[in-house]
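Take a look at these structures.
Across the two complexes that follow, chain A remains constant while its partner is chain B and subsequently chain C.
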Partner chain A sequence: MNGLALWLRYARASLAGQVRYRGAFLMQMAGHLATTLLGFAAIWVLFHRFGTVRGWTVGQVALFYGLVNIEFALTETIGYGFERFGDDFLRAGAFDRLLLRPRWTVLQLLGHQFRLRPLARLAQGAAVLALGLGMTPVRPLLFTAPMMLWTVAGGIAFFLGVLVGQAALSFRTIESLEVVNVLTYGGVEAGQYPFDLDARWFRRLMTCVIPLGAVTYEPMLAILGRSPHPMAATLAPTAGFAFLAIMLLYWQAAVRRHASTGS
Partner chain B sequence: MPSSPARIVVEDLCKSYRVAASPPGGRRGLAGWLPARRSWRTIAALRGVAFTIEPGTITGLIGPNGAGKSTLIKILSGILRPDSGRVTVGGLVPWAQRLRHVARIGVVFGQRSQLWWDLPVDDGFALLRDIYRVPPALYRTRRARLVETLRLADFLDQPVRQLSLGQRMRAELAAALLHAPPLLILDEPTIGLDAPSKLAIRAFIRDLNRQDGTTILLTTHDMHDIEALAERVIVIGHGRVLADSPFETLRATTLSGRRLIATFDGPAPAIALPAGVSRLPAADRVLALDFDPARIGAADLLRLLAPPGTPAGTAAPADVTITRPSIEDVISRFYERHASTP
Partner chain C sequence: MMQAATPYLAAFRARWRTTLRYRAAALAGFVTQCWWGAINIMIYAAFYRMAHGGDGAAAPFALHQTITYVWIMQATLALMPWGCDPDIADAVRGGAVAHDLLRPVDLWWWWFCRATARILGRLVPRALLMLAFAGLLLPRAGLGAWALHPPPSIADAALFAVSILLGLALSACIVVLLNIVTVRTLSPAGGNAVITPLALILSGNMLPLALFPGAFQTVLILQPFAGLGDLPCRFWLGTLHGGRAILALGQQAAWLAAVAVAGRAALRRTLHRLEIQGG
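The block that comes next holds the complex of A and B.
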């Protein structure tokens, strides 16, 4: 059985486990939906009052908001094993179990838990994105649809890279790494608004160092037909994959080091 | 159905850990993993371990906690990389060729589950089939046999977390054997089990070795496991091999002694000790003797304590127990013997 098929097997097994607690699952979904909807309501009120903010309409902001939430929700669904790695695997001693199985650790962690909970964020992100598309003129569908998929793929790669990096860092410290939430939850918060509403240093940091802008702001400019460099903006999501690749190399090095120290 | 012989060769194996000796309540959080002025001390877990294990044998690995057993098991399992020395298992270097190596071994940790806590046992098995790429036909026969011999049928559909410890250990054994590994490594497989469960596990391990020719390496603190299973015993202490011999030899040299403990109603009498008997320090009313049954029989020794003609209830002991030395005694005896030659 190849890696992808095995991952699907893991996902099926994990879903079967979660369905056992249907009541708790539905309650959680409702709670998450309410929280994220309130967030968007706040922006809505803001724009309703002022119409546009620095040239951005509420429909355009909805596109950014919807996109980054879809990206992060899908990442949370598959990346939970990495998110919980320090606590659930390393400190619990369960990482040895992964090493005893003849499969790549990354594949096993991706298959650790296929979570349904982020579906609330996903549904809400998709709804807001659809709303934004209805309110805002974008490039023709033939460009917009594949570009959107490509951007979401790059976004998943980026956020997954953050989680992989977080997991690799947890080999080095027994403290939990809430500081990384700056990149995950903070990244989602930052990506929900057009970047030129932010300070220039922050924009630089978020585009060049941490390629969040490359999987949210830049490609969305291309979709809106507002990008000064359409070609570069179209290719921008590649940066998400490059970021993931670097984090995976870091992960491999951390696992190798772990085998030497045993701690 | 072993796919390849599992000859284990270990040569001059060394492993030490660096342990941070940071003051309690010291730097925490971000500062904790910056390259700061941390003081480290080195603990040598293995100091030149060497042995060879032939395919199809059962070897017991014993030693006190902290002796280096776990480190050795981890290295043989491919989880840990040693500092120096050579290891091959069936021709593979465990840590360097980990993916190929772990596909050919089964490992059971008595204290740690390998199964999926929330999944029914059978679903976990199916997942392992796909992880280990076991061909469906082989999986069916293998699973059917393990379910029968380990008596798993009653709880195959239960989530692992609902199983009793005895049931769980049987499921763990099956899970480690679904891919028919030629080598099975067992780390304290009977810990915490009740007597019937222990017997069942031992019988299964013995049959597995005899019928399939599976090579078995087990660690345990239970001397009965060793007696029931191991043809050969390797004693580890202070990171070294203290003894490596057939079990019968070990029994003859180290386990031959017996200990007699007699409790009296009044002060224990002073008796003249015959050859092969030594008295141990004990409470006033207790007489503790180590003796060598080859030189004096237990019955003879008992007659010494209460010679015929002693009026009942005066000098005769109120209670007598005869034990063999515990495994801890054996190990500490090895320590005494080896402490002078570091």
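The block that comes next holds the complex of A and C.
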């Protein structure tokens, strides 16, 4: 069985388990949908009170908001094994079992749980994005649609890279490092607004050190036709893949050094 | 009298000590909240500076007041009723909740003390770190424009203290209510998924309530969740005085009493016909 087929089988098994608890699942979906929708309501209220900010309209901010939420929601559905790695795998010694199987550890962790819960975030991200597209003139569809897909792919790579890095770090701490939430949930929070609203040090950090801007802000500028360097902005999501590659190398190095907790 | 309070104090002390043990979690929470606060402040600053010619005339608060509001909200994030007591959720799932029923204590007070202690144990370390960071460190680091400002007078500080204590009690009452919902539905997921978003938005944690459109202001001030964050913050900022201060504290006390009475009634009905799961 090749890697993809195995992953699909993992995903099917995980989905079958989750839909068993139908009532709890529907209630949680409703709750999460409400939470995330309220997040956009807050932005709406700010614009309602202040009008526009630095030439940005609420429709344009909706595009940023929708994009980063879609990226993170898709990452959350597949990346849960890495998010919970320290607590669920390392501390309990369950990681040793993965090492015994003749498959790549990353593939097994990606298949650990295919979560449905983030679908709420995905749904509202898509709704807000559609709203934004309806309110804002963007480049022609022939450019916008592929560019959007390409950006989302880069964004998934970036956030997955953060989760892989978090898991690799937990080889040192033997627990999931919550501080990484600053980059995941905090990254989503930061990516919801155009970066030129932020302080300069923050913008630098988010573009040069952590390529969050490369998978949210820069490509969206290209889609809006506002980018000063359209060519570079079109290529920017590549940085998300590069980030993931670096984190995977770090992961491999950490796995090689791994000594089990033995429990 | 003292004798009667002993078991409740013991429950409080045990829970408080257990919660304080999670130092790494407190530190991680603190770092996350600093980050969150910084992002929020940058966004508000951009809106205030850019809109309406730079003086933020459209806003009810000045920018430095909004910044103080953000830091207090981040410092007191643990005050929110984040959900049913996880120990009790486990006990309900496994059937061990029967042990709680066998204790010769008033179950509502027992759970209330546990909830208060857990909230306080999570709140105190995070809040102290945050006050030290935003109130002392930032001004010394030359970032005074981003700093938390102290209350304008001692009276305001005292009113804030009373208000936040009422908020703490209300939050604990809501947690007990969520415990009861868990006993009834056998799962904490439903109740938690409903309460958390409500509390976050209606307490002003996501966005100061005063920034919402004017038509909603009266309703927003009168609803119970305002007492978990917005009203204490207004006291800290010194914007509530005289009759309005009394009204705000009265609002908090009234909701506290209402939620407590409702919780006690719900608990009585729930225990009247209780089925325990597991074995």
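Following the convention adopted for this analysis, the second predicted complex is superposed on the first by the 256 of 263 C-alpha atoms of A that agree within 3 Å, B and C clash if a C-alpha of one lies under 4 Å from a C-alpha of the other, contacts with A are read in each partner's own complex, and residues count from 1 in each chain.
What we mean here is this: a residue touches a chain if its C-beta (ideal position, glycine included) is under 8 Å from a C-beta of that chain, and two chains touch if they have at least 3 such contacts.
Bear in mind that the values here come from a model prediction, so they are computed numbers and not experimental data.
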Of the partners chain B and chain C, which touch A:259 in the superposed model: first, second, both, neither? first
Determine, under the contact definition given at the top, whether A:42 touches first (chain B), second (chain C), both, or neither. second
Touched partner set for A:142, first chain B, second chain C, both or neither: neither
So, does A:4 touch the first partner chain B, the second partner chain C, both, or neither? neither
Report for A:172: first if it touches chain B alone, second if chain C alone, otherwise both or neither. first
Per the contact definition in the header, classify A:97: touching chain B only (first), chain C only (second), both, or neither. first
Should A:231 be classified as contacting the first partner (chain B), the second (chain C), both, or neither? neither
After superposition on chain A, the chain A residues reached by both chain B and chain C are 175, 179
Could you list, by residue number, the parts of chain A that touch chain C in their complex? 23-24, 27-28, 30-32, 34-35, 38-39, 41-42, 45-46, 48-54, 175, 177-179, 181-182, 185-186, 189-190, 193, 197-199, 202
The residues of chain C that touch chain A in their complex are 24-25, 28-29, 31-32, 35-36, 38-39, 42-43, 46-48, 50-52, 58-59, 187, 189-190, 192-194, 196-197, 200-201, 206-207, 211-213
Contact set on chain B toward chain A in their complex: 15, 17-18, 28-30, 32-33, 71, 74, 77-81, 95, 98-100, 102-103, 107, 112, 114, 116, 118-119, 123, 127, 130-133
Which part of chain A faces chain B closely enough to touch in the complex? 1, 5-6, 9-10, 13, 16-17, 20, 93-94, 96-97, 99-104, 169, 172-175, 179, 259-263
